[in-house]
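Heads up, the next two complexes both have chain A, just with different partners, chain B and then chain C.
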Partner chain A sequence: MGNYILRRIGQTLIVLVCVSLVAFFLIRLAPGSPAVLLLGDGATDEQIAAKEAELGLDKPLYVQYFRYIAGVFRGDLGMSTQYRMPVSDLIANRLPNTLRLAFFTVLLGLALCIPLGIVAGSHRGTAIDFFAMFFALLGQSMATIWIAVLNVYVFSVVLGWLPAVGTGTWAHYVLPVVTLGYPLAAETTRIGRSGMIDTLNEDFITATHAKGIRPSVVHWKYAFKNAVCPVITLVGMRLGAFLAGAIVVESIYSWPGIGQLLKTSVGNRDYQLVQSLLLLSAFLFALVNLLVDIINSLIDPRIVLE
Partner chain B sequence: MEQLLEIKDLRVQFKTERATSNALNGVTLSIGKGESLGLVGETGAGKTTTALSILRLLPDAARILDGSITFDGQNVFDMTGAGNDLSSRQYKKLLEKQGISETEMRKIRGNKIAMIFQNPLTALNPVFTVGEQIAMVLRVHRGMGKREAMEYAGKLLEQVGIASYRVKDYPGQFSGGMRQRVGIAAGIACNPELLIADEPTTALDVTIQAQILELMKQLQTQHKTSLLMITHNLGIISELCQKVAVMYGGQIIEYGTVDAVFRDPLHPYTRGLLGALPNLEGDRERLVAIPGKIADPQNLPNGCYFNPRCEHKCAVCESKQPEMIKISDDHFVACFQAKGGV
Partner chain C sequence: MNRKIIAQRMRKNPFFIVGTITCTVIIVCLFVIPYFIPFDAQANSLTEMFGKPDWFSKGFEGHIFGTDQMGRDILARLLLGGKISLAIAFVVVFIQVVVGTVLGLIAGYFGGIVDSIIMRTCDVVLSIPNLVLALAIMAVLGTSVVNLVAVLSFSGWVQFCKLTRNNVKVASNMEYVHASQALGSGSARVMFRQIFPNVTTHIIILASQRIGWVILLESSLSFLSLGIPAPTPSWGNMIANGREYLTLYPWIALVPGVALMFVVLGFNFLGDGLRDVLDPKRTS
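Our next item is the complex of A and B:
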């Protein structure tokens, strides 16, 4: 077990190094320079060169990269050219909003999918199964952006029940969480259902029934544990993506999170901010994946054995 | 001998959208207390369906059309004359009414009747420890607490030759033979009156087979458990059982003591089965295979189900089903050709 976790941490570190390289070089491949964007179109070549020297952009790329990495290890992510403040402050400001949104989204997804998927899977072909599959089909068919717009239109514009933009109260969470959480619940319901159906067809389930165990215990205890692993894996992957900032949803609901920050920083060629945000996303994604793998290996011992 | 299990004229049909399969076509069987019966037949002859019927654990696609099962004086079900023209809701209602309640049935499963499954690699839940999979039986039927049940599970493991500290290990940490021992340990946990072993050694290699059989024999004599041994290996039957029932096309076609049936097989199919065994003594001859294919339960022939493969068939075999005739107290056969019936 300990070995397994160490190995996974090692793999995660390699991934992070790769991501930092890709993030660093990709944003520099994009046309346009932060110096030009800061100074405006009227700037002379001398002014631009001076600004680039000030930002350290005149140094060779590898020097810039190692400076950046050295900074990361000291906890210094550099200055945002666009906001003229330390990147770490910006992130500290925005990250909690994204984390809260992601947390409630996953909570909603799990709260819906676990009962719905498992019940549907163990009552195949019944009305509740039909309902669950309809619910899932709908959630998977609708694009997030469309759900978002629909939500705003119905609940904010027509009914006036919920605020459409901003943060502050609990009511502000409802629409963004539902928008992100419904497709997640749909997907996980489907996975949970099929996991349950596969498991219930296994010999060991017949064997458990043959031991005189109550069907509800067979389903919710002995089959559930088998069926839930793929659900956790999927939720982990989606959670990783939400932590990177749900760009579309954060933009529509003016949610001051990481996703919005990333969107504006790319537009402004804010090199320090972009590469730090990408690195942060990768780090959070890898962290969630690591946690998922550890949880799954606790549930299913075969993962460690293989 | 006092009867423990009685199956009377059991007919089971599997119905899917594509096909209807007549798995059991009038199976009549009984097992006395402490007796061991071998059930032989090729794959698809209905052996496993018979076993699952006894536990009332047939899959949803299966329907009991006729027949009854009594176990230890309790009515598992009596579906005599149920037929196949009921809707699935009517069928379920009838089944619930025609036997002991599901709660009563659960008290039998794993407690009075235990089953050992064919493939030890798939019969244990990979995400629970072997200890838990034995202990669950004890908690449900013996009312043991968590710790007590685990401890007892360790003792059971020792009885089947596995060190007790391994209760905490997962099935993936055991070999196939060891896993089958775990299955047996769970099977004998509550000291059942009837142990159903569904080809318990088919998935294992020969040396392990011998160990498992030795173990089962030892446990059976120790606890005086009745045994229903399902297999297609005749060697196992002669080793472990007093009586044998030969199955073909979802029917019992020959039945009697192992001694009588193996010494003087009367049904051409039984003779074929015994003729298909390799012989170590004498000249090396070609094995005699039974020609043709096993009866297809989706498309059974008219008359005797074995007639398309039978060397001795005559006109009546193609039109009428033979009835079980008594040859002696120890020997019954369903064949028109069997002379000397009483």
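Our next item is the complex of A and C:
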């Protein structure tokens, strides 16, 4: 058990080092010097050279890389050329908004998928199963952009029930959370359903039935525990990749989070910010995946042996 | 697998039938309807701005789905955008299959250090969310169709690589592989002539399921104006454009949105149906 967790942490660290290399060199491929972006077009060559020396851009690439990594550990992620403030402050301001959105999205996804997927899986071929499959397939086929636009049109423009943009009250949470949560719920419902079907075909379920245990107890106590592992894995993966969905949703609903920040930083070629956000998203992804693997190994000890 | 059995399963599988019909109808429409409508997808007409949909009241002579803020016919743009999106999706999935399968074959067949390097590369690519990675690369490279195809291909080959590698691991221990090696076949021959034909089923299934996924990712990038550059239409940038006029002229965004939903639904049905037909043991 302890060995398994240590090995997973080791793998995670290697991946993070590689991602930091990718993020660092990807940004170096971009045309134009960051010094010019900070100073503006009117800067003289001497000013640019001075700024480059100040930022350490005249040093060899590997020195720049190690300086950057050393900075990351001190919490110094460089300056944003667009906002003219430290990248770490920008992220610290915005991250809580995105995390709140992520929390409610996962809550909605799980609240829909656990009853729907598990009940559908244990009542295969019934009306509720058909409904669950339809719900899931529709959800997987709707682009986030389309759900968002449709939501705004129906609930803000036509019905006028909910605000379309901004933050503040609980009502502002509804549309972004539904937009992000529906595709998640669709996917998890599907995985939960098929996990349940697979589990119910296993020998130990037949054994519990043979013992005379009530079907509802078999389903919820024995089968559920086995079917929920892939759901947790999937939710973890989607949570880790939450930033991707948040880019679209936050820019549509003007939600001041990390996703919106990434979109504007890309638009304004704020490379220092892009680089840090790439690293942040990979870090969150790795962290969530590590937690998911540990949780799953606690629920299902067989995983450790593989 | 027996062709007769596959054909029989195809006829019995509702997902496969609905998916095939939807996709066929959409593709036929994309290529045939442009010959009937008298409008150009990129021609502005300032006298016809924000035209309401005429539906079929004037036949093909009217603006069936209305016009946008520059007076361009929405149906014409929808058809051209759809053609571009589908073409990109097919090319991207093809590249993903080729790159992923070849690397997967190499990793699974040779094992050891080669396998470790390829698999860790997969982990790195997987650990950055697709859209985030695509966004960052597009920002550095700049927007163009070639870059778009490259970025979309880059973010999706990993799944093919991992799938092929795991299947090859199983297949390389089969007796026919050892027999071929004993007869003196080179690595390339064993990989492509002996092992590859035995791992194609899962690749076909995954590829068919990926088409819808690529269309969605492309539309998201185009929506964020980092995909297909305007004024060339794509469903993503049409939705983005129509979003600004949602209160008064909702059809500009709703028409491409509905189209996007049906296309992806069709390909997802087709992919799921194909999986049931070719690999009936799996239920997910």
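Quick note on the criterion: the second predicted complex is superposed on the first by the 277 of 306 C-alpha atoms of A that agree within 3 Å, B and C clash if a C-alpha of one lies under 4 Å from a C-alpha of the other, contacts with A are read in each partner's own complex, and residues count from 1 in each chain.
Here is the rule we use: a contact is a pair of C-beta atoms (placed from the backbone, for glycine too) under 8 Å apart; a residue touches a chain by one contact, two chains touch by 3 or more.
Just so it is clear, the model here is predicted, and its values are computed rather than measured.
**Q** According to the contact criterion defined above, which of chain B and chain C contacts more residues of chain A?
**A** C
**Q** Quick check on the superposed pair: does A:I27 touch chain B, chain C, both, or neither? Answer first, second, both or neither.
**A** It touches chain C, and chain B stays clear.
**Q** In the overlay, answer first, second, both or neither for which of chain B and chain C A:L95 touches.
**A** After superposition on chain A, A:L95 lies in contact with neither partner.
**Q** Is A:V178 touching the first partner chain B, the second partner chain C, both, or neither of them?
**A** neither
**Q** Given the touch rule stated above, what does A:L150 touch, chain B (first), chain C (second), both, or neither?
**A** second
**Q** Between chain B (first) and chain C (second), which does A:A286 come into contact with in this model arrangement: first, second, both, or neither?
**A** After superposing on A, A:A286 lies in contact with chain C but is clear of chain B.
**Q** Given the touch rule stated above, what does A:Q140 touch, chain B (first), chain C (second), both, or neither?
**A** A:Q140 contacts chain C only, not chain B.
**Q** If you stack the two complexes on chain A, which partner ends up touching A:V274: first (chain B), second (chain C), both, or neither?
**A** Only chain C; A:V274 stays clear of chain B.
**Q** Touching A:L243 in the superposition: chain B (first), chain C (second), both, neither?
**A** A:L243 contacts chain C only, not chain B.
**Q** Which residues form the common part of the chain A surface touched by chain B and by chain C?
**A** Shared contact residues on chain A (touching chain B in one complex, chain C in the other): none at all.
**Q** If we count contacts the way the header does, which residues on chain A are in touch with chain B in the complex?
**A** 202-214, 222, 225-226, 299-302, 305
**Q** Note which residues of chain C are touching chain A in the complex, please.
**A** Touching chain A from chain C are residues 120, 123-124, 127-133, 135-140, 212, 216, 219-220, 223-226, 236, 239-240, 242-243, 246-247, 250, 253-254, 257, 260-261, 264-265, 268-269, 272, 283-284.
**Q** Along chain B, where are the residues that touch chain A in the complex?
**A** Against chain A, chain B makes touches at 52, 55, 57, 106-111, 114-115, 117, 119, 122-128, 136-137, 140-141, 170, 172-173, 183, 186.
**Q** Can you list the chain A residues touching chain C in their complex?
**A** Its residues touching chain C are 11, 14-16, 18-19, 22-23, 26-27, 29-30, 137-138, 140-146, 149-150, 152-153, 157, 190-191, 194-195, 197-198, 240-245, 247-248, 251-252, 262-263, 266-267, 269, 271, 274, 277-278, 281-282, 285-286, 289.
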